[in-house]
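Have a look at this one.
Order as written gives the chain letters A, B, C and D; numbering starts at 1 within each chain.
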Amino acid sequence: MLALQILIDGFAISALYGLGAVGFTLLFGVSGVLNLAHGGIMVIAALIGWQAAGGLGLGTWLGSAVGVLAALVASYATYFVVVRPIQRSRAIPREETEIFVLTGTLLWGIMIQVGMAYFYSDNPVTMRPLIDGVTNIAGVRTPTNEILIAVISWVAIGLLWLLVNRTRAGKALLAASINPRGLVLLGFELDRIYLMVWTIYGVLAGIAGVLLASFLGVGTSNIGNLTASAFSIVVMGGLGSVSGSLVAAYVVGYLETFTAYEIAPTLRPIPALILLVLVVYLRPQGLLGRR
Amino acid sequence: MSQGLLEVAGLHKRFGGLVAVKDIGFTIAPGEILGLIGPNGSGKSTVMKLIMGIERPNAGSVRVGGQEVAGWPTHRIARAGIGIVFQHSRPLHRQTVLENIKLAMLPDSLLRLAASSHIEARAREIADLVGLSEVLYRHPPTLPFADLRRMELAKAIARDPKVVLVDEPFAGLTAAEVRAFSDLIAGFRAQGRAVLLVDHNVKGVTALVDRVLAMYLGERVAEGSAAEVMANETVRRVYLGGKIETHARPELDARPGRPLLDVRGVSVLYGKAQALQDVSLHVREQEFVSVVGLNGAGKTTLFNAICGLVPYFGNIAWDGQELRGRKAATIARGGIVQCPETRELFGDMSVRENLELGGQHLTAAERRSQFDWLYALFPILPARARQAARTLSGGEQQMLAIARALMMKPRLLVLDEPTLGLAPVILEQLSKALSELRRTTPITVLLGEQNVTFALPHADRVYVLEHAQIVWEGDPARFAEEAGAGYL
Amino acid sequence: MARALRSPALWIALVLLLLAVSLPWWVSAYILGVLTVSYYFGVFAMAWDLLFGFANEVNFGPTFLIGLGAYTAGILDNTLGPPIFVCVAAGALVAMIGGVLLALPALRLRGPYFGLVTLVAVLLLQNAIVIFASVTGGEIGMNVNDILSVNAVTNYWIALVFIAVCGALLFGLSRSAVGLILQASGQDAIEAAALGFNVTKHKLAAFCVSALFSGLAGAMLVFYEGTASVGTVIDIAIAVQIIIAAVLGGRRTILGPAIGAIILVLAGEELRQLGQLNTFVVSAVALAVILFFPDGLLGHLLRRGERG
Amino acid sequence: MSKQGWLRPTLFAGAAAFAFATAAQAEEPIRIGVIGEESAVAGASLTRAAAMAADDINAHGGVAGRKIELFTYDDHSSAADAVRAFQRAVSQDHVVAVVATYISEVALALEPWSARLHIPFITTGAASNEISRQVHEHYDRFKYTFHGWLTSAFIAQSICDAEHDLLVEPFRMKTAVIMSEDAAWTTPLDVRYEECLPKAGLQVLDHIRFNPDTTDFAPIFRQIEAKKPDVIITGISHVGVQPTVQWRDQQVPIPMAGQSSQATTSTFWKDTNGAANGVITASAAAPGVAITPLTIPFSEAYQKRFGDSPSYSGYTTYDAIHVLADAVKRAGSTDADKLVAAMEQTDMVGTVGRWQFYGRNDQFTHAIKYGPGLITGVTLQWQDGKQVTLWPAGAANGKVKFPSFIHLPAASN
């Protein structure tokens, strides 16, 4: 019974973690960027979606769409205002671009956090559930919304998989993550590829954001944690490895849920953190990473 | 065995499956200079790293003045008396030349915060010796390339090592500078140090070395005086190959009208190193033109300039139009397709996927016909279609790389070092494929090679590139007697 | 060392120092109070720069070291209550141990991986403090019984002397033989080793020194503010501020980061009228600096000097 | 760059000093510092209410002819920023007293400074017992600090009293599970819960503390359900929206009562999309509830001026300013020690009840007195988008009402 509960509760939250992390890792894989404004972009989607749905009365679904759109815009802004200028700057030595992108996106994330807090206060908000009511799974009363969220997350991830492995554009994306130079030699414009990956990233982060708002509720004060957890999950799974991130997301999600049930709700985040340190230390390339 | 300052014996190094160094051994006596030569991928640089402890040998011994140092951490080996002059290094940008030299003399201690006084004086002496006295207080970023190399040399001298390893001592230097450096290195002999010069070919180091050891594919192929090694059969085969047969088609170049590709006075600078100097060449429709030259001569740079991958001075015209300012991808789509020496395959993707990416811009029908044609040209590929490119053998990877490039239906195929590190059997297959290509299609090819046997049979015309300049141009048939010797 | 005297950075710093000395006679106690805090931040930033600028290790968690120092000192003071300087020393010591712990992964991991470990270290410390609330006061923090002084001017002098001494030591170190070796190791470990330097040893030392000063400053800050809390000495936001300060002032200059920190704190205070938006403005400015003067303010000046 | 950094403020200081010097000839205003945080609902109410209080007082001729002048600062909920703001208020803006913060961490960080700088300081929202304990233990050092809101212990007490009247009596509830965030302010709260809930007739079946950063509450609710209590007694402030939403989504059949600070804010219904329906929480006051004759006028005026209703810290701050003004009047001076002495004598009716402070011999020195006829706080419930007051009976304007998914003991057994 308890095991089943953990199984069910852990599933949706893990799926959400996964969805949040997948875009992040894809972005790194293809363009080598670790976007520390990640949490900020998710929260933009959540807050604007919430306002569109409630304040502007567009309803949950339309509102969510608006939220995702907002995240997309934010993702473009991150690329064009922060990341690309840094990558192209002559004044920044090649070997230091990485740390500069990290610092830059970090600052950008703070700007987003404070800016959003200015308009929406730092109270967490929640989208109305996409569907109301609860479903009884073998005696475990589960919000139907939670099930739907897990489903949507997986559909989104599935679509991503199809895009990358079945479409021409996706193949190019995959190729870029393996060997960008080779791609240029075949006459592909890397700029287009990057634009595409930032688009995908924006949409994924947006969906994750609105789902989070509808599932658990989210506010500007969560931004730090959201970024940190995406970062850790991605590193744990192996930077750039999509499947790795998914595995890691479930490991973390279940570990947290299990801790909350079996050990103590106060210790919820700790085992995951310790595990992360161990993984990074003993297997720096991550669970499924190659290097 | 003779009492040498540096004694290397039975050195072995494996990287995963491939054996990079196989049972290499030699001795260098005090005041002796040994040249270690071999083409790229022959493992000579690895040998140097193994001696210095940058890589750990799987087996073998390295003795300095009788002391076994194999497997030690680099800094202890250095303290044991081995110094190295890197080809590329990153000096301290915020410190002056003088400080950079002093750095090399500091003790490896956390407590000695201030450098002792005599160091200053010594550093100045060394600076004078290598000819840096003019620029003592300049910062490295503001120095010309030759002076940077001088500084590296100075740092090595400052450590007063018993053994000095020098990696490609003359790369990127002008004739005058080469002379100056030769004298400095000769100076080591006078000081009774043991010197190991690592370079691509004998020619560069003949004047300097007492003995030469030639490597190929990780193995020792010859040892002896420079003259002996140059005369050695195997060495000749490695560099020149054996007997050369050629079938040029001079009529092609004789045709009137403007050439398809026209390179005029192109120069390229890497930082401060002159990688390409006022190079001019042209390629006509359907011609097979070979650019032969050793690694580091500038072939790859030339090709990258043509493909828009590096900035250059001078002009490159494609089918009458200036290429300057076009993005690499645009040029590639415009018909100039490069198959680089690094191959740049998509390792985790299947052979078929690699080819499909090459044919992205084709219609489905075109792609199908291309597939059929290429699969016929390289029969091994269809058998491997589902396999990940990473898992292919070197030869198969090379064929895939070429096939992928051809998939794009190029008007000009730029083929850079296709033979790099490949076994003779594979070379034959590649060679067949090229002649096939030449016979059956109107394609134009610009081939860069250091392996002349491979390059010449397919060439209508040959250019020889040396020290960033074109030094010879002409009919492959005349190559052997006119350029061959100078080439070794 | 001879050249250290020729360094423009040193002269800029000296001029600013003289200025700082003169302040108590003509600015309000409040501004002295703000500067006092900014000086401790200055030391944080300098210690961070020693790791990043010289050893080339990107430490996202300087507050891990600072927090260790601060809380050790605070807890010691509230329990055994030895003289303040003993508590501060203890804090510095514990921070140093923390530094070694941090160095272990650093010597194995590269770039983002190490960065993440430092980040996690902070989160773990943060959680630990909440869990052991009985001694640490949990997230609402702890008041320490003793403080350095109530008098703003006295506090100012203490902080000024502190930053001056730390600055001198760190700057001297960075220009000393060891500093050179460290810089070489950071820039090209292989070549440094080939010159006969034990890179591991020097990097480890760098971590210890950086940790030592972070811990010291952290402990001092506690005894100045009279409270230690997650929000004031451990929170990631503080770490970010320190990093911004270093980048703003100019990495690899030791003194630049200190100046950056002071500017940052003052700016934050100046813009207090903007309420919550001041953080936004400060971050935006910092971002602009990163984009347009990646060398930072002092770094920019020095670069000019070198080119000339 | 750094030059103007410190030059500019000095100029301000100089100018300000000059201005006040001249003003002093006439009636020098009483300067009071207010430290809040704009981006938090409670923090914003705090500064706004202070402004209203000052305006009201000044409109009625000020204090013995002296106007009240406020200096407002934003501390971003950071102790460090608050300390700096406090220093600025004292040494640059020369305030005579400071009203600040609803966050215990910040209040505790400010307390030693009010002691060092001898500046009376009232916190109008923090709950930690520590604040008044320190005053009690080191009276001479900390006597300048006053606790303008119920301590955790008294919040717990008022909740026990309220739940007894609201749940135990009418619904025959017998058992409860305590669910509180693992924070310093809840430690004393829980201690008092443990002892007063049984007295109130609710046997405590279990006691769950969780990490304040928790976002997924499903496990916690399931654990609680397994215990089959009649009611969940909360002690949450850092979280609020999330547990409430999941309580609704998961349709946890057990009512939530106790202290949920976020639920006292007017935006809570919107933030939770109505999941708040049926949530019961303690608060200082509620809109449209006449705890005293002053309550409604204030909340309506606030509503008119700022568009939403004040959170609990708004009411207490509004009163605190009046308490200060009243103390200044009685002390006839702004001298810190005289002021403290006067404040200790405070007996004044405000918007949340009748203000008195415990003396130095009471356990909670300088905290406001709790009890019927003094200050009890109110207990309210979200019903269809409105906060309905249920307790104390005198102020009640509605009855307890639970959403459909709640099983009441009557039904269940």
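As a working rule, a contact is a pair of C-beta atoms (placed from the backbone, for glycine too) under 8 Å apart; a residue touches a chain by one contact, two chains touch by 3 or more.
Everything numeric here is computed off the predicted structure, so don't read it as measured data.
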item	value
Least hop count linking chain B to chain D through chains in contact	2
Contact-richer chain pair (by C-beta pairs counted) among A-B and C-D	C-D
Remotest chain, chain A as reference, centres from CA atoms	B
Centroid distance [mean C-alpha coordinates] between chain C and chain B, Å	46
Chain centre separation (chain A, chain D; CA means) in Å	37
Of all residues in chain C, the ones touching two or more other chains	127, 237, 276, 279
For chain A, residues that touch 2 or more chains besides their own	117-118, 266-267, 269
Residues of chain D touching at least two other chains	39, 182, 211
Chain pairs in mutual contact under the definition given at the outset	A-B, A-C, A-D, B-C, C-D
Chain B to chain C touching residues, read off their complex	52-54, 73-75, 78-79, 83-84, 86, 89-90, 92-96, 99, 102-104, 106-108, 110, 112-115, 139, 141-142, 155, 159
Interfacial residue positions of chain D with respect to chain A in the complex	39-41, 44, 182, 208-211, 213-216, 218-220, 222-223, 240-242, 245-246, 249-251, 262, 265, 267, 270-275
Residues of chain C touching chain D in the complex	16, 23, 26-31, 33-35, 37, 127, 130, 133, 137-141, 143, 147, 150, 152, 225-227, 229, 231-232, 237, 259, 262-263, 266-267, 269-270, 272, 275-276, 279, 297
Residues of chain D that touch chain C when the two form their complex	1-2, 5-6, 8-10, 13, 37-39, 73-74, 76-80, 83-85, 87-88, 90-92, 103-105, 108-109, 111-113, 116-117, 128, 130, 134, 182-185, 187, 211-212
List of chain C residues in touch with chain B within their complex	1, 3, 172-173, 176-178, 180-181, 183-184, 187-188, 190-199, 201-202, 205, 252, 302, 306-307
